[in-house]
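Paired with chain B in one complex and with chain C in the other, chain A is shared by the two complexes that follow.
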Partner chain A sequence: MTVTQAPPPLPMRDKARDRTAEAAAREGVGGLSPMLTRLAAERATGVLVREGGALYLAGGLVLHAESPYAPGIGTLLTAGGVLPAEEWWRAAGIAGDLPGTARLLLAGGRLTPAALEICHLHALYDAAYFALAPSSSPGRFHYGPAPDADGPLPAVPVAAVEREVLRRRALLHRLWPDALLDGVPLLRSTPVAAPGVTTRQAAVLSLADGVRTAPDIALAQGRRVFPTLVEVRRLAAAGLLGTPPPPGAASPPSELPDVDPHIALLKRVRDALEAL
Partner chain B sequence: MPGIDECLLEAMRLPGARGAALVDWTSGLALGVVGEFPGGDAEAAAADVAELARLAAEQPAFAVAPAGDPGPGGPGSTGAADDADPSVEDVIVSNRDGYHLLRFVPAAFDSGAVLHLWLGRAEGNLALARIRLGEMAGRLVLG
Partner chain C sequence: MANTETALKEALASIEGATGAALVDYTSGMALGTIGGGKTLDLNVAAAGNTDVIRAKMRTMEHLGLKGEIEDILITLTDQYHLIRLLSGRGGNGLFLYLVLDAKRANLAMARHQLKKIEQDLEV
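This part shows the complex of A and B:
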């Protein structure tokens, strides 16, 4: 006689935990940086320096953000040919600070206010993404003098910046759940049935040489870093981009198992499932 | 020369305008918002606008065919510097209730900006709004 046993229950996702994480992401209180939350609450003025970059704060607002991984407003404006680099640096040299530089360029009529605002917001959010990335060392805060109130560049509430950073993390995670790709050298891989790529993606692929990281590629193009991160994740999901093998490993062309597209595909599926 | 908010307020003066936003279509971030937002959630609306704009901008079928080239988007296509601007100018969505106009903002830098105007169906004048929004988008960054 056969006894049918009830199959073991399938593992369930912890929906409560997922919901809490989602709610936290929505509220903008996801423990991005407890220090930042505290500084915003006390409306401190100064610079918060973290491993991935710095946030300039005043009265609960983020005035500006910088990161070595994100091209700044000057790079964005000059690389696209909107402004000759000498002109940017001359203005920066005379003014000494970012709002002053912006004011000089506006007064010179070389830029529309909207162009400056758009570039500034892009640079701010891109740098904030890296500045608020998980870090191993604690941040430091340097109190500073209050900036002039009527600067030409828009400031953003701290909570809005936190929410946007979390939204961007979630967006990238949905595309391809491997946050390491934000900072490691990238190498294009050669799948057998390569899907078509957009011009932007082709430009990213052509610069992925096994040495450059995603921020390096953005800098080389004079482009914003976040769209580059998006393209890198999409290309990784398509199997067109990966990380080079560690130096000790066999050189990639002689590595037999990866040549079989089915195995490469299965590996990608496995990696994606494991990363969920 | 206008800033983002002045441009959006100008768009709101068009007949039937219910809401206007400047959205970064590469990230889904709302760079500026004025008036109502479809669904009542500015962030969600901006993300939806970005999704639609990205689709329109990236599909080879909607790109301007370059002379003597089979089309962009193939694996062999080279990264030209002129792709910061998509060749699509605008996207129009209509429903029983209103019109949505998405207008890509031409810029020499990597702006990724798209103007979104929401018009009420009864009062909105789609043809007029399309022309005006095009002018505003052109002035916004290029001056």
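This part shows the complex of A and C:
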């Protein structure tokens, strides 16, 4: 005797959470962090520490940003082949801080001003994207002494950083509206009709092992993190990349495994329709 | 050897008919530096929009299996030329120079040649 079983229900998505993320992405400049807006207005100097990273302010301008999720300027310069790693570390050891390191490398002719400036801006905006990401805990600001005014690294206005972070968020949201993919371990999946991938996407896929997150993949490749986030969202939209099922959360026996390509396809179609 | 600001200034000063220039990162569409443009042309918007042009062309080339690299892209309007030059230096991956020219005053061949020189000056 055959027992017909109704197909298992598709898991529901938390729409409330999605909407808040979407609303945040559409909010105007200044909606990122009220504290940052206030600090810019009072032309504060110091460090703003948030869950995803830190922003270094001087006179209301952003001097530098760092985040554990975004490779720093040293990593970008050395991994990209612009500078041998030993050179960077030697200069960093002598100077002790970032502007000093930059000044030493420029003086030694190891680096051109344009290359340094561009790398600095890339590192700054990538780190700011994570530092200003929505977080559950409030930020803290530590007032500090003013750094030397004529450092070799250009400072940028807070408004420019906020605008850029919002633009990036909207750009990623348009590709695939799931901001969780920025920070969770990624795993390849096998869709029914796999579209072709570019060389860079193939490189990202080859590193998605269910343990590495998007920032880990960027670090492993020595690349900037934002282009990796873009590729990850594109691959997720194509159904080639997803998150591994949480360990220990065994599905009920009647339920088909989540990796079933047809279910995965249906979920993607549903997600895409909802995102319209 | 120049920083981005001086390189862009030089582009505007040395290229006949140039009215605006920008250095843009095409993975994010962010303008790393802009000069000129005035009230009539927001170079930040132009920068973000033109990244889509480059991306579309790159995708097409990949589908066609073409191995060459894009050197530059020329868009001719009735009264303007827009010239996009992709930077090829070791650290310049993912950047392009965007130049707006007044069609009446510009010399395209010279502009292309000079833009190439500015790319070399940037040494990124």
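Worth a mention:
Rule of thumb we're sticking to: the second predicted complex is superposed on the first by the 228 of 276 C-alpha atoms of A that agree within 3 Å, B and C clash if a C-alpha of one lies under 4 Å from a C-alpha of the other, contacts with A are read in each partner's own complex, and residues count from 1 in each chain.
Just so it is clear, contacts are C-beta pairs under 8 Å (C-beta built on N, C-alpha and C of every residue); 3 or more make two chains touch, one makes a residue touch a chain.
The model shown is predicted, which means the values in this text are computed figures rather than measured ones.
Under the clash rule set out above, the superposition-derived model of chain A with chain B and chain C contains a clash between the two partners. Within the superposed three-chain model, A:T198 lies in touch with chain B and with chain C [touch as defined at top]. Touch counts on chain A: comparing chain C and chain B, the chain ahead is B.
In the superposition on chain A, A:A220 makes contact with neither chain B nor chain C.
In the overlay built on the shared chain, the residue A:S206 is in contact with chain B alone; chain C does not reach it.
Contacts of A:A79 after superposition: chain B is touched, whereas chain C is not reached.
Comparing the two interfaces of chain A, the one with chain B and the one with chain C have residues 77, 80-82, 112-115, 117-119, 121-122, 125, 164, 167-168, 171, 198, 224, 226-227, 230 in common. Touching chain A in their complex are the following residues of chain B: 1-4, 6-7, 22, 24, 26-29, 31, 43, 58, 60, 72-75, 77-80, 83-84, 107-113, 139-143. The touching residues of chain A, counted against chain C in their complex, run 77, 80-82, 112-115, 117-119, 121-122, 125, 164, 167-168, 171, 198, 224, 226-227, 230. Chain A makes touch with chain B in their complex at residues 76-77, 79-82, 109, 111-115, 117-119, 121-122, 125, 154, 163-164, 167-168, 171, 194-200, 202-207, 221-224, 226-227, 230.
Residues 1-4, 7, 23, 25, 27-30, 32, 48, 62, 89-95, 122-124 of chain C are the ones that touch chain A when the two sit in their complex.
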